[in-house]
Structure formats: structure tokens, C-alpha cells
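One structure below.
Chains: A, B, C and D, in written order; residue numbering restarts at 1 for each.
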Amino acid sequence: MNELLPVAVIGTSLLAAIVIFLLPDAQQRVRSTLNIGAALVKIALVAWMTIGIYQQELFETRFTILPGIDFVLRADSLSMLFAGLSSLLWLFTTLYAIGYLEGSPHRSRFFGFFSLCVASTMGISLAGNLFTFLIFFEMLTLSTYPLVVHRGTEASLRAGRTYLRYTLTGGAVLLLGVALLYGYAGPAVGEFAETGTLREVAGLDTSVLIAIFAVLILGVGVKAAFVPFHGWLPVAMVAPAPVSALLHAVAVVKAGAFGIIRIVYNVYGIEFSAQLGVLLPLAVLAAVTIIWGSLQALRQVELKKRLAFSTVSQVSYIALGVALFGPIGSIGGLVHLLHQGIMKVTLFFAAGNYAETLGIHRIDELDGVGKRMPGTSLAFTVGALGMIGLPPTAGFISKWYLGIGALEAGMAWALGVLVLSSALNAAYFLPILYRLWFKPVRGAWPDEKILAGRFETDPWLLLPTLATMVFTIAAGLLAAHAWSPLSWAILVSVREYLP
Amino acid sequence: MSLSFEAFNSDFWYACIGAVLFVVALYAFIVSQPLLKKLLAFNIMGSGVFLMMVGLAQYQHGPDSVPQALVLTGIVVAVAATALALVLLRKWVLSGGQA
Amino acid sequence: MIPLLLIIPLVFALFSVLLPRAPIKLIALPGLVLQLIASLALSVQIYRHGASDYQLGGWETPLGITLHANGFTVTLLTLTAFIAIVCAVYALVYLQRYRHEQRYFWPLFWFLLASLNGIWLSGDLFNLYVGLELLTFSAVGMVALTGSKPSLRAAIRYLYAALLGSLGFLAGVGLLYGQYGTLAIQDIAEISNAAAPTQVAIALMTIGLLLKTAIFPLHFWLPPAHGGALAPVSALLSALVVKASFYILALLWLDLAPEAVAPAAAQLLGALGAGAIVWGSWCAFRQSDLKMLVAYSTVAQLGYLMFLFPLSIGTSAVAAELAWQGTVLHLLAHAFAKAAMFLSVGTLVLALGHQSIKDLAGVSHRVPLALFAFGLSAVSLMGLPPSGGFNAKWLLLQSALLSGQWWWFVIILIGGLMTAAYVFRVFRVSFVEEARHQFAPTHWLLDVCALTLAAAAILLGFVSQWPLQLMQLVPGGSG
Amino acid sequence: MWFDVILGIGLIVAAVGVFRSDELFRSVVFFVTFGILLALTWLRLQAPDLALAEAAIGAGLTGVLLLDTLGVLKRPAAVKFNLAKHALATIVALGAAAGLAWSFWTLLQLPAPTYNLVETLAANIDDSGVSHGITAVLLNFRSYDTLLEVAVLLVAIVIGLSLRQSLRQSLRHDDAQSDGDETVTGATTSPEQQAPALLKSLVHLLVPLLLITAIFVLWAGSTRPGGAFQAGALIAAAGVLARLGNIDIASRVNLLLRTGLTIGVFIFLLVAVSPMLTGYAFLAYPPGWAGVLIILIELMLTISIGLILLSLFIHAPREKRNGGSS
């Protein structure tokens, strides 16, 4: 039974996608039930596997796809981290999207590609070797393009073209890296092993390995929005809110970060990477992105653009955590993968609510929104505080571990970077909070729509926002609990370091 | 270099003639602009190849039925090709094309 | 069992000429099902007992003609039968509005199949020549079927180019017969040497076959012919007909006279292939007509096949085997994907009433399945996973790496990006929102055909082991 | 020896004549002379069958088709000199010439080919059912080539018929006939009007003569040079002559014509497949039956080839003159 579970996880959303594609747009009820049903089934399967992993069970589907190369889906501790995040947030994003896209055209097409996108994310998380990872990595690009250009306006098409130019080139570079690695060190190296497989292969020239490492990180880095290649992320903001939420909090960006983790931990192995001396440049690149992203966010006027640049910097925290050679640092990085996902989804849901209900897109239009939409603003506040890293939110936990990890790894300047970026986060989030709560309402809202009598906005939009807010706080407060993201991250990094 | 005189009998001579025809017709095929002339060039090129086939096969051990049978098939195929090209050409001219 | 594959198409071709319009359509599908069963049965037999020969008329090779069926032949036979069935179902529905063409489409279709099967199975040089001629004539006939001015012009250019190519091939056959005294490929292969006549013969035959496979400098005739023809016709032409002459080229270079071909010549062929990819993609990118874009994409994709030669001649056995596997997978994946793309484009053109890319607006909403089939086949053409195209690209990359020829490695990578450039031009426009013109309704069966082939291209990405094992290239197949 | 040299030079002169003359009619005339010279050459190469075929099919029938097409073609446009094309042509031609010369030169030095099909053929000729080498090769040893070759002819005429029809189709005035069995006739001058007396008498004299020679050539094929293709060409020539003499034959594209066109391949396939039921290989003749079956196949092939070549002439697309038959 265990070999079928990974396939079942991906199969649920694939099947859902195919059925939804065939549904005409009018079938609102059938499509929603199908979507939510698929999300729930997926969460159940992922939970089942997580428990299994906890008891050291093996879930693996393997068949030869090419001579000497296998297509492997294997659930290990690290993949459960990402799979858990994706399945959980996909449920909330689906609920949100159902509410958000009420009455707009092409809903079947949207939800079809939506589930395809999550199927590829699941595939990325469950990939057992670099080849399978590459397959799902490229599938993600293809399934997210139609979401970016969903609105069909000139701006979204231009955004789509930029998005493609970056991600397809990134894909080609990643293919280059993987082909070089397989060609140079043999296909066995591609298998993701707890502490990396590259160390055992004898007679490999380190300079070549470093070059291949650079190419691999470059290929994955485009999606992880490292500085020179982050151009596509703010431009893709033109997509509908659930898409930006999905792209930034869950799917594309995290896939990039997850790729970096896989390459450093499971292909090269953390000790071997440190030995090769590749961790320092990675850390520097991450640090530069963190600072650059925060600075850019400061300059933005549009709310979603500011959130986009904040994501650019936040994702590099994960890369920084990975690059800090030490268990504490990697715990910080891993747990931030989850925390940043939950917090950023909350922020985007809130931004989407503002846009959908009051037609607010720019930050200076946010005066006095707190009174008009208290629930959403509260969620936004919690998310923003989490981003800054104030207790008791989840953000604080990850920044705390990252800080200690930086000291332990002897990279004091990394701690400096963390402190500076937190300050910058505060610099671009606090003014928004001030406008929300303390500024009087300026005039009529740009485009006010009364969506639902009692609630401030459509319940489909409000509930997911509040739910993710609760999760942000829970992840912070209940961090020590056995099933919290932190303890899972500790479990993962323990297996990474002590074979 | 044992180029004995009998080896240079008429079969090999005709093979060389075939080769010359092949080359001349190839040049004409590329150069000539009217489509009909290209077709004639194709036919002559075909005949050149047929001469080469029979000539080369027979210059050492005399008449050999197999290449002759092949060339017979070749001639029939060449006629079919010419007829087809002419059908297309006429249809093209009748519907206003420039031959 | 082997001759069955030659008899079935010929018999059905004759009946299609004899019978009036209605019964022809009736007998088409049963005949094709029969053909698919025959090719599958032969595949099983070959898979179990290894390659086998068949002496026509009971005469041994030097005098008679032998048919040779090995793993590669059988894969091609099954591919032909499968694509033929899907194109036939598409044609049955698509040609309903072309009453006249319908009458003469089916005989040519069956003769095309007969010649293709003849070429895959043949082991005799002159027999290959006659097979190529029959193939060219039926293809030219299908291109000129509509009788419109552009298709006639395209048919004439195609016929002239193909005839020139066949004569080059025949001249080579003449020289080989002059030197070895036999026409059987197996016999020549045993005693072939690198003497002048063999080398010149191979050169002449190569130029002839390059002209018939429309490889880069000699590709001028393909776009108008494949772009202008009816949808099922262009699908058959691009997927199968151009591959026949490539198959013969591979047969000559790798089986007939391996010592007569110098690695430098192989590098030249590779350079032509690279030129095809770059030039074909560039032209495809600049096309404003949808079918011409797909036709130029064929010119580009054929370039990948040419990499077989530089990667397998003068390189290590492992690199050669990887190159061979990559080429075979690319041949299969391109056949499925290109046929699917032409069929889906045919449906789009039917629905839109015109072929210009600029105003494809609103297609994604009104003809979604056709666009989805186009998308799936585009994934395989771009060589993005999970598709047959990706596996083929992967194998070629590995072979290029192993044999140290990094320049092919770069071209293959860039080729994928260039394909993406012109394919997403179509997607970009089809998502544009305001649909200005109305859409003609199209039959659902058209989309099903396109989707089946597109799905086959994607599925090939997962089951690439089957064709490779069938060809006994990969341990696991018997014999 | 000198005759060969002169003949060779003559061939080349005729070929150059075809290309040099800018007036299409003169090229065709040069081409027909080239055909006749080529027939002589085949005689010098001890290939009488080829001489017969070249004369009947190569020079004769192709000449007729070309002349008939000249009527349809308009004045060709002025030919502008294109340097690039000339340069390309010279390079390609020189390359081919060099290659061929080099291979011919080496062939002279090489030892005799390892396989000598002349002996193998002589050894197997007696159980091939016929005594004439070429017919044995064509209809027994390599009969698959012949089968495909007639299929090629059949495809040519099928395309001819398809293109002929669509012109009428686009003129949209006889839709009624198009769906059922096409009975639309070839558009040539209506019979019995303008045939000049001399042509009529020539036709009445020559056509029977041609038919008798055709039958003789067919029958001789098994023992002496001759056979299906040459006989078929003679029948086609007789048909063309009759057409020019305004005798209306084979002008209606109906089931009869189509059966005539396909009968050759049909019987060939039938004879090739039926022994398979009793365990023989495809295209193998049961022992002892080869001679009779080959004659049967040759007869049917002659009918088919004759009709195909004739139809290629009659049903070629042409304008519709003075009402014609529609």
C-alpha cells in the first residue's frame, strides 16, 4: 500500500484538474465541492504519510523511466515539510479563490490549472531524485503561466511573457546543471539521500563540482527569486489575488527555495558543501537579496508590489538558513519555509480583500480601513508583525533560530543582516498599520461593493484570512508542541546532521 | 594502373556518357526557369543514371539482366513522374499560374 | 506475418480506387485496425524471438528481395499504424465538408501506408527507391488534393525536389551495384569498404535523402507543402513521410557502410541539423500564419534527428547507443506531437475560419480542448518534462556530454528555448480576452483525435522503456 | 567502335540542344530525338527490352504528353539571368562530375565485384517459369518491385483523375453527377466532326496493326525481349491515335475504366497471395505453375498499363473547348 500513497497524493489533484477542465463554467456547485473535496483528501493523505514517516515507514514509488534513470516519488521528512505546507494552504487558497472569482469568466480553466499547479508542487515535494524533481519543476512553470495571464488583459500578457522568459531560461539552466551532474558523476548521484550522495563518489574534481553547484543553484534560484533574477515576481502581481497568494506563499517561490534545500542537503550533503566552501557565497547572495528586497519594498506605492518585494527578501531567509553551516541555522531556515508561507498567505488574502471589497490597490488609500474592515485588518496586522519577527508570531521563532544559527556558524555578519532586515521590515510595514488603525477615513472608498450583509466582506474571503491568521499565531505560541512546524523542522535537521 | 583496352569497351563508354548527361542535366535542372524545361532536364538526368547503372554493371562481365530489369522499372517510373508533373503543371497553368 | 503488413494496405488501396465514395469510408477503419493488429502481433514476435528476415518469392538475397524486421522496424510499423488510425478518424470527420477531395483522399492514404510499410521493412536498395517514389507520389497527390492555386504550386515544388532527390539516390544505387554486384543491404554491409565508389555513392544518396527529409539548406519545399495541405494530410506528412527518408539515411550511414563515412562528414550533418534548428525556429517565430508556423517547426525539429550522426560516428559505444536511443525517442515523440499539433490547428482553423495568429483571441474559451491538445504537443516539442520530447533531449544531452561534443549540447538546450519562443506566441494571443468574431461549431471527435496523439506524446515520457526495450537496445528485451 | 563514339556525342548534343533552345517546342523536339538516340544506345548495350521500352514509352508516350501540354501552356515569361542560381548550379554540377569521375576511375582499378548475378540468374532461370532473363527478374525474382511500380503508375492516374475533377467541381455546374459514380467524360472535341480524311484512314490502318504488335510483344516476353510494359505502351499509343482520330474510347471515368486501371495489380496481388494459403512465401509461384501464372499476370498488367497511360493522356486537365461533352 505504501508505494501507492505518493502517487495518490499527486493523483488527487491531477484527477481533479482533468474533471474540472471538462466542467462548463456554470457548474459552480459541482466544481467547488470537487475542489474542496480534493483538498481535504490530500490533507488526509499527507497527514497519514507524516505519521508514517514519524515511525520511520517508507513510502516510495519507483519505476525506470530511462535506461539507468528511475522516476522516484519518495516521502521523507523534508518532503513532508513542504507537502504539508502546500496541501494546507491550498485548501485555504481554494476557498478564497472560490469567493474571489465569483462571476468572473473562465473559472473552469482557472481551477483546472490551479489544481495542476498544486499537483506539480506536490510532485516537487515528493520527488525522490533530481530527475523527477526537474520533471515537476518544469511542470510547475507550465501550469502557473495560464494563471498569471488568466485575466487576458494586455498587462497580464506582458507579465506572462516576462514570467516565462525568466522561468523557462531558469529551467534550461537547471536542465544544464542536472545533465552535467548526471553526465559527470553518474545517475546514482541524483538520488536524494539523508546526508547527500556526492561524497562517496571517488575521483571527482572539486572545481567541476563547484561549477555544477553554481549552475544548479542558478537554475533553481530564478524561481527562488534571488536578486538578479527576481524581476518576474513583482511583474506577476497583475494576476488575481489567489494566484499571487499561491505563487508567492506556496508554490513557485517555495519550490525554488525547496530546490536549494534539496541540492545542498540531499545531493551535495551539508558537510561536503561546507568542505567545498560553497556555503559562504550562497549566504552572501541570500543576504544581498534580503537587503535589496527590503529596500525595494520601501519604495513601492502599490500594496501588492510591496508584499512582492517583501517575499523576495523573506525567501532568502530560507537560503540563508540553509547556508549557515550548523543544525540551529538549518532549523531556522527550514521552519521559516513554513512560517513565511503561512504569514505571506495571510497578508495576500488581506490585500485581496481590500482590493475586492473596497477597490484599494495603493497604500495611501488605506487610511482608516481598520474601522471599515476590522477582521481583515487584524489579520494583516498579525501577518505584518510576524514578518517583522515580533513574538508571539511564527516569524519570531524562525528569526530567533536563524540568529542563533548565525552566531553558532561563526557568521556574525549574518546576524547583523537579520537585524537590519527586521528593522527594514518594520520600516515598510508599520506605516501601513498606522494608516489602518490610527488615520481617519479620507473620503469614499474607491470602489465599494457590499458583498454580504452582516460580515465586512464575502465570508468565503474572510474566513480563510482569519484561519491563516490563527495559524500564524498558533505556529508561534505552540512551537514547542510535538506536531508544530518547529519540532518537525528539528526532526528534519537532526536526520540531516547526525547520520 | 592496369587500364587494359578491352576493359574500356563500349559499356564503360556509355556509362561515362551517362555520367556526363547526369551532370549536364543537373546543371540545367537548377538553372532553367520554365518548369517544363526542368522536367525535361529531370528526364535526361534519369536517362543518364540508367545508362550509368547498365554501363557500370556490364562493362566487366557483359549483358546482365538484373540492372536491365531495374532500368525498365526506372523508365516506367520516370514516365509516371513526368505524367504526374505534367498533370500538376497543366492544372497550375489553367488556374492562372505562370509555368 | 511480415508480408501481411504489405498486403493489407495494397488491397485496401485497390478497393478504395474501385469502390464509389460511401463504401470507401466504411472499409477504411476496419482495414486500419487490421493493420494495427498485424503490426502489434509482429512486434510481439520480434520482441520474443529477435530480428527475422523474409525472402520474397522464396529467392535468397543476391537475386531476390528480402524483408528485414528488427526492433526498430517494428517500432516504426506500430507508430505508422497508430498515427494512421488517428489521422483516418480525424479525416473521416474533417473531410465531410470536402466532398470531392474525400473521394480521392483514401486511395492515396492507403498507397502512402503501403509505401511506408514497404520502406520500413525493405532490405534492398532498389526496392527502397521504388518505395520512396510511391511515397512521394502519394504525398504529392495528397498535397495537391484541394486543387487550389497555392497547394498546386506547393505540390509542384515538392514533386520536383523529391524527384531530384530520388535521382541522386538512384545514382548512388547504380554505383554501389557497379562495385559490389548486389543490391541487398545486408550483403553489402558485410563486404563494404571505404573505396571511392562507395563514398561517392553514399554522398550522392545522402544529398538526395537530405532533400527528401527537408534538412536545412534543402528545406524550401516543406513549409508551403505541409502548411498548405489539409490538416490530416499535413499531420501524416510531417509525422511520417519525412521520417522515411531519414530512416534510410540512418540505415546507409550506420548499417550499410560504416567505414565509408568519415566523422568529419558526420559533423557536417550535425552542423546542418543545428542550422535547421536555428533557421527553422527563427522562421517559425516570424510566421503570421498558424499552419506555416507549425510547418517551419517541423523543419526545426528535424534538425534534432541529424545529431544522430555526429554523436554516434567516431564516438564511444556508450555515447553512440545513447544517441541512437535519443534519436529514436525524438522520432517517436515528434511524430506524435507534430501530428497532434497539426490536427489541433486544423480544428482551430475550422472553428475560426482563418489561419492568422494575430486574432486567435478567445480561442481558449470557445475551443478549449483543441488549444489544450496544442499545448500538450507543444510541451513535447519544447522538450519540457514530462514528455517523450524531454527524454529524447535528455538522452541526446547525455550522449553529447559523454562524447565531449559540447557544441551540440548548447544547440540542443537553446533549441528548446527557441521552440518555446514561437509556441508561446500562439498561447499569448489565445488568452487575449475580447473575442471579436463568432466561432463555427466543430465536431468533438476532432478534439479527441488531437488529444489522443498529444497524450501519447506526453505518456511516451513515462513509458520510454517500452520502445527502447523492444528495439533490444536496452537489456531486458530478448534476442 | 566509332559508332559508339558518335552515338555518345550525339546524345550529349541532343541533351544540350534541349537546354539551349529557348523555345519550348524546339526543346521537346530535341528531347524526342534524344529519346530515339537513347533507344539506339540501349541496343548497343545489348538491352533490346530497354530499347523497345525507351522508344515506346520514353520517346513516344512522353513526347505525346509533352506536345499535348505545350498546347495548354502560355508564353513563358522572359527569363532573367540569375547569377546566384548559375553559380550554385556550377558548383553542384562540378561536385557531382568530380565525384563520378573519381569513382569511375577507381572502379576501373577495383577487382570484379564479389557477387556475379549473371551466373546466379543463369543457375536459377530454368525454375523461374520463363526463359527470358529480364521477364524472369521482373516477374519472379524481383516481382515485388514490379508490383510497387505498377502501383506507382496507378497513383499517378488517381491524382490525374482527382485534379481533373476538381476543376469541374469549382465550375459548379454539374454537381448532380459528382456524388454518385463519376460519369463525367474527358473534354475533347466531340466525335465524328472534324477528323480529316487522311487521319481517319491512317487511324483505321494503324490501330489494328499496333494492337497485333502489342499482343505479339506481350506473348514474346517470356522467351524474347518484350513484355507487359512495352505491350502496354503500344496499346496506349494505339489508344492515343484512336483519340486523335476522334474515336471515343475510355473517355468516361466510370466503374469499367476504374476496373481496367486496377485489374493488373489486383490479379498480381491475387496470384501473389493465394499460394500463401498453402504455405508458400508471398509472391512465390507454386512449382510448375510459374510460366502460366506469369503469362496471366503479364496479360492483365498490359491491359492496366495500357489503360493507365492512355488515361494519363485523355484525362489530363485541359480547358473546356466549345461546350465539349459537359
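Keep in mind that, in the parts below, a residue touches a chain if its C-beta (ideal position, glycine included) is under 8 Å from a C-beta of that chain, and two chains touch if they have at least 3 such contacts.
Small disclaimer: the values here were computed from a predicted structure and weren't measured.
In the absence of chain C, grouping the other chains by touching gives A | B, D.
Chain pairs B-C and C-D differ in how many C-beta pairs are in contact, and the one with more is C-D. Taking each chain's centre as the mean of its CA atoms, A is the chain most distant from chain D. In whole angstrom, the spacing between the mean C-alpha positions of chain A and chain D is 73. In terms of their C-alpha centroids, the spacing between chain A and chain B amounts to 69 Å. One simple way to say how far apart two chains are is to compare their mean CA positions; for chain B and chain C this gives 29 Å.
Chain C and chain D, compared by their mean Cα positions, are separated by 31 Å.
Looking at chain A, no residue sits in touch with two or more other chains. Shown for chain D are the residues that touch two or more other chains, namely 96, 100, 107, 112-113, 116-117, 121, 141-142, 145, 149, 152, 155-156, 159, 163, 167. Shown for chain B are the residues that touch two or more other chains, namely 15, 22, 52, 56, 66, 70, 73, 77, 80-81, 84, 88-89, 91, 95. By the document's touch criterion, interfaces exist between A-C, B-C, B-D, C-D.
Of all residues in chain D, those touching chain C in their complex are 96, 99-100, 102-103, 105-107, 110, 112-117, 120-121, 124, 140-145, 147-149, 151-152, 154-156, 158-159, 161-163, 165-167, 169-170, 178-182, 255, 258-259, 261-262, 265-266, 269, 273, 276, 280-285. Every residue of chain C that touches chain A in the complex is listed here, in rising order: 325, 364-365, 368, 372, 375, 379, 384-386, 390-391, 393-395, 397-398, 401-402, 409, 413-414, 416-417, 420, 424, 427-428, 431-433, 461-462, 464-465, 468, 474. By the touch criterion stated above, chain B contacts chain D in their complex at residues 1-3, 7, 10-17, 19-28, 30-34, 36-37, 40-41, 43-44, 47, 50-52, 54-56, 58, 60-66, 68-73, 75-84, 86-91, 93-95, 98-99. The residues of chain D lying in touch with chain B in their complex are 1, 4-5, 8, 11-12, 15-16, 18-19, 24, 27-28, 31, 34, 38, 41-42, 44-47, 49-50, 53-54, 57-58, 61-62, 65-66, 69-70, 72-74, 76-77, 79-80, 82, 85-86, 88-90, 92-93, 96-97, 100-101, 104, 107-109, 112-113, 116-118, 121, 133-134, 136-138, 141-142, 145-146, 149, 152-153, 155-156, 159-160, 163-164, 167, 227, 229, 305, 309, 312, 316-319. Those residues of chain C that touch chain B in the complex are listed here as 63, 126, 130, 133, 137, 140-141, 144, 147-149, 152-153, 155-156, 159-160, 163-164, 167, 170-171, 173-175, 177-178, 181, 183.
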